[in-house]
Structure formats: structure tokens, C-alpha cells
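By written order: A, B, C and D. Residues from 1 in each chain.
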Amino acid sequence: MTLKMTADDLKAFLKRDFTQVADDFEFVEVSERQVIMGLNASEKHLRPGGTVSGPSMFGLADVCAYFCILSRLGPVALAVTTNCSIDFMRKPAPGRILCRMELLKLGRALAVTEGRLYSDSEPEKYVARASLTYSIPPDASGVK
Amino acid sequence: MTLKMTADDLKAFLKRDFTQVADDFEFVEVSERQVIMGLNASEKHLRPGGTVSGPSMFGLADVCAYFCILSRLGPVALAVTTNCSIDFMRKPAPGRILCRMELLKLGRALAVTEGRLYSDSEPEKYVARASLTYSIPPDASGVK
Amino acid sequence: MTLKMTADDLKAFLKRDFTQVADDFEFVEVSERQVIMGLNASEKHLRPGGTVSGPSMFGLADVCAYFCILSRLGPVALAVTTNCSIDFMRKPAPGRILCRMELLKLGRALAVTEGRLYSDSEPEKYVARASLTYSIPPDASGVK
Amino acid sequence: MTLKMTADDLKAFLKRDFTQVADDFEFVEVSERQVIMGLNASEKHLRPGGTVSGPSMFGLADVCAYFCILSRLGPVALAVTTNCSIDFMRKPAPGRILCRMELLKLGRALAVTEGRLYSDSEPEKYVARASLTYSIPPDASGVK
């Protein structure tokens, strides 16, 4: 699917509309195939033992799905998560966690994404998988 | 199912093992039927516009499911979330959000919970629903 | 939510639009609170050992969610399943399986349902739980 | 992951243990990367209008996940589905439907798979996506 926003566009959007968490995330890849974002885990993202918490992984997947949709939809905002199914599969290694997200469907009313989370140091050992559905506001999709 | 931990037991456990987030949550009901917990939303839980963020709701459901299982299993710790499916249905009203969680299955290896989230001021308008599966470490379940 | 179709209305709808499977299902309760449907398991619904198969339970939940939505929406047809999350918790007892479904949200574009499946002989031991989202065609919801 | 069963092994297993549905399914690819199975849709799999029904797609995903796990675990049987999350994204084209399944985790107690369904004639337009968790009986996993 054609990109309507670049990594820089998305970054500006993130800084403006997600002020509180903008510094937690970074864009690693924004391409027609996928969007990859990283979570710079700090104290607040960790559970006892030092591993990234479930809600932090959910947050990374949610943000990554949002920007994956936006990159193809344009800066319309207001898409909202309606469903997420997430499987936690392994304890993450210490350090940065990445999420690679694909857009599987961009319909008039719904967008469906699917992605995998992994530690920077072990890209082949998935920490989690997640699929998310977003509701797209009427007239924003550009899909006829 | 018989309770093996009271609200006070769970509270002590929360304070000790979830130091960083212990003050965010409170126990509203711990009974054989269900566990209800509240999220005292502060700045960090909010999205632009002042509504509680998706990851914060996920976090509330996750913690509530954990303590729902623990209350019936005893203080064994180490149960870990393996799957969560969550549907976001309405924008929460300002103020406290509650999660009411039921334990549907407590097996040897897996526990399944299901719950609903709602604003304190509108208990009948569900903000979200969530089902979570926890993996129970061997020999912790007490189920033969 | 007010009912717009009775059990008899739904039954006629089932016979007309789901000819191939109409005899598999029956309506046990159609009320404002919930819709309960039963699956009359025959040879084709069983797995080796004689228990009802996963796809048959999925099918029961799917049909029950559909008619739960229809009973409140009126005979508009064309609502389609967009997501289902289902947890299989216990092996069903021999005999009839029931599904009790609640409508949690009826929005302009989406309807969310949640239900539990159980054997007729053991109503308190849930066999499965399922949540389903249906997409509602524009102008069918009657919700402004 | 190393294969412990070939396509022929799996086919024999399918014929023996899933007698009732064995003819509905065929193996298209059994490799270390993935397992692809096809559903030969007949009258019983169709909804009014001639499209493959949701339960039939669920059944294809379920069987494909099962044999994907078995191919890596060996002929131990008795793995059971504990969770499935499925998103239906497009109406299938007439004709054969395929499911491509990957094994994301093979643990001691749980196996997690993820796959996509598509029509034979439109392999890039996904009809559905599904993630499934299977519970593995103790001592069957071979994972220490």
C-alpha cells in the first residue's frame, strides 16, 4: 500500500499528539511493507526482575499499529482501537523491544493489523504477537 | 471457588511485588464471585482529551485478573499472562475506572478470567471487556 | 435493550437464511437480557471420542451472537462477523450444548457480544467462552 | 524448527484420527517454515450466496494449526486448542481456500501458532487471520 506519511511526518505527529509518551517510542522503519517501532524501556516500563511489563508491550503494539495505519491513511487522526488480541510468549531480554507491524486490511470502517514483538538482541525469538483492529471515522478512509 | 487470600492479603502482596504501580490500584471487592479493582487515573494514564488510555485499561484488566487468580490459588506468585483479548467499546467518563473480573477456569496449567471495565459514574455502560489467560507454574495449582 | 424480534421471528429468519444448518440450532431464550441457543449435536459435530468439535462450538457461538444482535436491531440481515476470540476450557459432557450470549455494545458500525458455552447437564462448568464483534452495514443500526 | 513428521505422515494421521473431515482437507506444503493446508469447500461449508462460512474457515485454521504443531512435535496426539482469535477481513472468492500457518512458540505446556487464510485465486488478499494456542499434554513436548 502506498505511503501517505513518512517517518518524519509520523514523528512530528507522535510528538504533537502523544506528548506524554513521545519520548518512549522511536521509528525504526516506515515502509510499504511494514512499520517497525522501538520502545526505549525506562523504569516505568519494567516489572520486578527488570523485564518489560505486559501493559508496556501492549502499549508498544498499540502505538505501532496506529502509526502503521496512519502512514497509509494520512494524518486524519481519530482512528481508535476496538480490539486487541495479544499472546505473550517469552520473557524479553534486557534492553530495547521492537514491534514490527503489518497492515492486513484497510477498509472503509475498519483497519486490521498484525505484528510481532522481539528483543533487539534476539530478533528471531518472538516475545509476543498481537493483532489489533482500529475503527476509522467515516469519510476518513478514502476507500470508496 | 473458595478464597485463599483476603483483600488485605492481596493488598500487601500488591505493595510488595508491584511497588511501582501499587498506588495506582485499589481493591473494591474480593469475594468468591468476583474481584473488583479500581484504577486511580493520574496524568500518566491519560490520553490527549483526558480519557484513560488503552494501555492503562489493559493494565487494570491484567492486574485484576492476576489478583483474581491469586485470591483463589494462594500466594504462589509467578503466574504469567499468556493471552489477552480486549474490546474497547466506549470512551470512559472522567474519573475512576473499575474492572470486575471472574475466574472461569482454574486448571492445572492454565487459568481463564473474563471481566468488564466501566466508569464509576456509569456502571452499566461498559467501557471495555477483556478475557485473559494465565499460565500457572507446575505444582502451584493445587489442582490434582 | 428493547427487543425488535421475537423467538418466533428469529426462528423464521434462521430457517429461511441458514437453510443448511437451521435444524442444528434451537432458540431456548430470547429476552432483553440475553439470547440462549442450543446445538443439537449430531454425527457431523463430533470429534473422535464423541465430544463436540471446536468448529461446532465456534459455529454455535457465531450463530447465537448473530441472532442476539438481530433481535435488537431488527431483520436487517447482512451483519458480518469481523472478530472472534474464543477460549476452550473443558471437554463438553455428552448431549446438548448451550450458548448464552449478551449484547455489550450496539454502535453505529459495530456490535460486540460476549457469551459462555456449557453442557445442558452441567450449566455451571463452562465449556468455552467467546466474544464476537459484528460489523453492521451503514444505515442498518438505527443508532444516530 | 526441525520437522518430525512429513506431509505423508500427517496425511495418514489425518485419515486415521479425523475420519469424518479427512476428505475436506489437503496438505499443500509441510516445511520447516510453515504448513499450508487447503479446504476443498463443498455444500456443507457454504453460506447463502456460496461463500465459505466462518465456522468452516475456523475449522481450516484449527486443523492447520494442529498439524503445524504435530509436524514439529511428533505423533503424540492430544494437543488441544485452548484459545483462538480470528479476524474475518474479506469475503472469500469462490473455490479453494488455503491457510498458511507458522509455529511461533513450542513450549513445555503451550504452543502458539499464527496464520493467514486466502483464496487460491487471490493469494495477496487475505480473507482472514487467526492465532491459536494449543495446550500440550505433560511429557509430550520433548522440550526440557
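Quick note on the criterion: a contact is a pair of C-beta atoms (placed from the backbone, for glycine too) under 8 Å apart; a residue touches a chain by one contact, two chains touch by 3 or more.
Since the model is a prediction, treat every value here as computed from it, not as a measurement.
*Asks:* Which of these pairs, B-C, A-C or C-D, matches A-D in more than half of the residue pairs in contact?
*Replies:* B-C
*Asks:* So, comparing C-alpha centroids, which chain is the farthest one from chain B?
*Replies:* When every chain centre is compared against chain B, the largest gap points to D.
*Asks:* Averaging over Cα atoms per chain, report the distance between chain A and chain B in Å.
*Replies:* Averaging C-alpha atoms per chain gives centres 24 Å apart.
*Asks:* Where the centres are mean C-alpha positions, what is the separation of chain B from chain D, in Å?
*Replies:* 33
*Asks:* Averaging over Cα atoms per chain, report the distance between chain B and chain C in Å.
*Replies:* Inter-chain centre distance comes to 27 Å.
*Asks:* Which residues of chain D are in contact with two or more other chains?
*Replies:* Touching at least two other chains: 82-83, 85, 87, 89, 133.
*Asks:* If each chain is a node and each touching pair an edge, is that a line, ring, star, complete or other?
*Replies:* Graph shape, chains as nodes and touching pairs as edges: complete.
*Asks:* Can you name the residues of chain D that touch chain C in the complex?
*Replies:* 17-20, 43-44, 46-48, 53-56, 58-59, 62, 80-89
*Asks:* Per the contact definition, I'd like the list of chain B residues that touch chain C in the complex.
*Replies:* 85, 87, 89-90, 104-105, 107, 112, 114, 116, 126, 129, 131, 133
*Asks:* Given the complex with chain A, which residues does chain C contribute to the contact?
*Replies:* Touching chain A: residues 82-83, 85, 109-110, 133, 135 of chain C.
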